[in-house]
Amino acid sequence: MSFSIYDFTAFNQAIDQWLRSVMSPGWALITELTIIGLVFLLFYALVGLVLVYAERKVCAFMQCRVGPNRVGPYGIFQTIADFIKLLMKELVTIRKADKFLFTLAPFIVIIASFMAIATIPFGKGLHAIDFNIGIFYLLAVSSLGVIGILLAGWSSNNKYSLIGAMRSGAQIVSYELSVGLSLLTPCIFIGTLQFSGIVEAQANGWLIFTGHIPVVIAFVIYMIAATAETNRGPFDLAEAESELTAGFHTEYSGIKFAFFFLAEYMNMFIVASIAATVFWGGWMPFHISGMDGFNHVMDFIPPFFWFLGKTIVIIFLMMWFKWTFPRLRIDQILTLEWKYLLPINLVNILITAFIVLMGWHFVK
Amino acid sequence: MTDTKTPYLEQQEYTINMGPQHPSTHGVLRFVVSLKGETVDKVEPHLGYIHRGIEKMSEKMTYPQIVHLTDRLDYLSAHINNHALCMTIEKALGVEVPERVQYIRTIMDELNRIASHQLWWCAFGMDMGALTCYFYGLRDREKILDIFEESCGSRLLHSYYCPGGLMKDIHPNFKQRVKDFLTYFRKKLPEYDTLLTGNIIMQERTKKIGLMTKEDAVSFGFTGPAGRGSGFSCDVRKHHPYAAYDKVKFTEPLYTEGDTFSRYKVRMDEMWESMNIIEQLIDNIPDGDYQAKMKAVIKLPEGEYMQRVEAARGEFSVFIVSTGDKSPYRIKFRSPNYCNLGAVHHLSKGFKIADLIAIGGSLDLVIPDMDR
Amino acid sequence: MGLFNYLSGIYKGVTSLLKGMSVTGYYFTHPGEIVTQQYPENRKTLKMFDNFKGEVTMPHNANNEHKCTGCGICEMNCPNGSIEVISKSIVNEEGKKKRLIDKHIYHLDMCTFCELCIKTCPSNALAWGQTFEHAVFDRSLLTKVLNKPDSKLMEGVE
Amino acid sequence: MMNNEALKSKIQALASDTEFVETGQYLTASVPYRKIHAICKGLKEGADTAFDYLFNLTGIDYLEKNQMAVIYHLESTEFHHIVVLKAIIPTRENPEIESLCDLYAGANFHEREVYDFFGINFKNHPDMRRMFLDEISDNIGHPFRKDYVDEVNIIER
């Protein structure tokens, strides 16, 4: 494989060996965990800031505006300014709110998204942990966030929040199905749940190109379901600012609100990166089998940028959805899931299984 | 017979206060909504948060002074409100308004109607969650506001009409600007349809929601685009023409479904109709005075006077009881929003809370018009 | 038939969504359509329309003369008491008593821009000013005296 | 479309002691206030009158004559003729008149407004509460009456 120059496995192992040589294995592990945690925390904050800025600019351009342009050149420091503002704001607590749960809720939301980010491979060997049940773990962890939302809605002692939280609960529990089933289609093709395996299997062509129509259908369903899972428009019923003022985070302010806000963007990043990894080959460069010259040129672009590029395209798609469509109603959301996405998904999986049984697929 | 009762709220019910500060009541309107799950059971509007007592204030003011207060009723159809009051006074005095004034007033009214419907469209889109609509609508409305600003001097509260004519003549650029706007907006209006009208989510959200039969619409006095969406032919311009409306050809869009979507469609069609009306008039504005001769102090002869006009939201009428003084003994503004609001409970009972927002959006409520 | 309807419904729905996305996509890729005005920066080029109702002013000519006779018609016509005319009586050279304006006070904070004062002024002494940046930190700054200090009545205005 | 004479005779048939004023724009009928519901019912249900659209309802306070009045503007959506009914209540102390809510659903809000501002009580109204001033504490009176005094908020010039 020619992209070995960007292989981080050796680099990671070198760090590991050096750490083990200077301290006991237990301390080495703790140090490694701390480093990884810090790196992810930094990455987390950075991605949050960039995505908020990007969302503002994208929606501004779609709406014939220029967007933030006062703080720094082209307004690039706007989100930092906003973040400082949020840090300095008073934390309002409601008198009759359940104080403990009220404070706990944003942490659950943010921890869920933080845990999910661990499995995502940013490059070869560049992931925190490579479970052999990667996708399963991810689905399990990412659905934890709904607990935070439910808690937030319940503990705020606000009727709008409660309605928002209940909507969110119904919605996420339903769409969890579609996300899982649509991710199964590529898993059937590839035959593994491990992220590194999924990426490696797409070396000769991304799944969306090699995986017949079922993968395309699965991708579309995944995009819809993932948008719904992250509570983004047109599925932002939990917030629904024109109906429920701000839904489950109506009563939150300051840094607690910032947590919800950040978690929303991180969730968006996570679902986009899963889509990029599973359907678009993750960090795998764009290869056309048989054209070696072209493939070599593609290999020189670092896999990290491939990964980010794909993720950004998918995030842009999600932003495009949000800023174009009106919001659905709660019963319509459930209708869409149970009457359209789920049956299509099941049929799709059957077809996929049939294709794999007959050996018609390209992926080995 | 319709259940006209606005029921008292009972203690055990799950009620939420929608308003007075709520993103989609478009002002300080307060709905106390009783819910069964997500389903709306009762809606009870509470008004009076910005009641300014304009009718009472007017009893101490001279007639020309009242004109500027009518702006502040339905501020999105300020010209039309001015028109109603000025026509009432003119009719009471028996003043013949110059032809030029009639034409200009008609054009201004229609421009105002388009501007109002544009704002309604973008606010409706926003209520439905499509925020981008808001900016497209406002962008196009800006062009009309520029026309207003050039001729009338202000963008929202114009006070451009006065009893007997206009405050000042139109700006020389007026005709050209209006024509430019018409060509511009004829291109942009189909875009509205592509973005929102045709959208499957929007259609699913609005069709068969907020139903109102024709009989109920008549009984409620449910006028304007909202009434016409139920098949209630209530266009004052058609049935009791005023100004230059008898000189133009236009159709009254009527839909019989009576749901939110038909109310939406009526307004979209009305924008086209308004453009047609303006197009027929803009080249034929006759020369002449912009003001009929009026006395310095206007005193209406004793009696009762009424003038009905078609404002952007429905039938607006001014009712003046005069005792021969220089200020009215009693003045009453029949505001379309107030009457349409009376039907909100009837419209939204049994639908979801999200539908209540859509229904409110389709009525295009302007709160200062209710809280006169 | 049911299946056909189901599928055609999906097809129609998706195409309608794509059409909507094409509109926003068009504007995203055409930055020339941006209509935002960069307000404080464009102050130099920003010109209000001729008829713009910014504030009521009393035009003075080069000799510091205005046309206001102090008759008080504007004060009478103002619907909300934004105008106070304080006039004084002086005795001119011929020994006649004459009413002259002392202070023409205009409360911009109360003005509703109804234009009645300007329209009814018998000597056309008032006019619209074009300024629109009225924001101040103290409300009392919005109370203005329209006639300039030591200004006189223009010749030939009664 | 019925002309004024025909309308007059129709109303006369419903209430004989009706006075008519025809100088204004519309035919105005001063009807006895006790019969207002019967008259409106007759006018609404009559096949050739069909006044099914109440487009305005106003209260008036005649302080000098010690009277209150409620003015009804009726239109027929079928024939587009208009009649103005004026019901004069000969008292200012607890004036009372029949509600038209069962005939015209739109009368509900109009009557609540009149009740709020003029203190005219509408009998048989399903929900006779204040419309605009219900958030304010009681006993603030009825501000649109001519003798209403509010030293704080009403400044006489």
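Going in written order, the chains are labelled A, B, C and D, and every chain counts its residues from 1.
One rule holds for everything that comes next: contacts are C-beta pairs under 8 Å (C-beta built on N, C-alpha and C of every residue); 3 or more make two chains touch, one makes a residue touch a chain.
Please read these numbers as outputs of a predicted model, since none were measured by experiment.
The chain with its CA mean position farthest from that of chain D is A. When C-beta pairs in contact are tallied for each pair of chains, B-D comes out on top. Taking each chain's centre as the average of its CA atoms, chain C and chain D sit 41 Å apart. Between chain A and chain D, the centres computed from C-alpha atoms are 64 Å apart.
Put simply, the C-alpha centre of chain A and that of chain B have 46 angstrom between them.
With each centre defined as the average position of its C-alpha atoms, the distance from chain B to chain D rounds to 24 Å.
Annotation for chain A: residues touching 2 or more other chains are 62-65, 323-325. Each of the following residues of chain D touches two or more other chains: 157.
Residue positions of chain B with contacts to 2 or more other chains are 132, 139, 195-196, 199, 201. Chains touching one another, given as pairs, are A-B, A-C, B-C, B-D. Looking at the complex, you find that chain B touches chain D at residues 1-2, 4-8, 46-49, 51, 53, 55-56, 60, 91, 216, 218-223, 232-234, 239-240, 303-306, 308, 315, 317, 319, 321, 329-330, 332, 334, 338-339, 341-343, 346, 371. Within the complex, the chain B residues that touch chain C are 61-62, 64-65, 67-69, 132, 139, 142, 146, 149-154, 157, 159, 162, 167-168, 171, 191, 194-196, 198-201, 203, 296. Residues 10, 17, 20-21, 23-25, 27-28, 31, 33-36, 38 of chain C are the ones touching chain A in the complex. Residues 23-26, 28, 52-56, 58, 60-61, 71, 73, 77, 80, 84, 101-110, 113, 126-127, 131-136, 143-144, 156-157 of chain D are the ones that touch chain B when the two sit in their complex. Across the interface of their complex, chain B is touched by residues 59, 62-65, 159-160, 163, 167, 233-234, 236-237, 240-243, 245, 323-332 of chain A.
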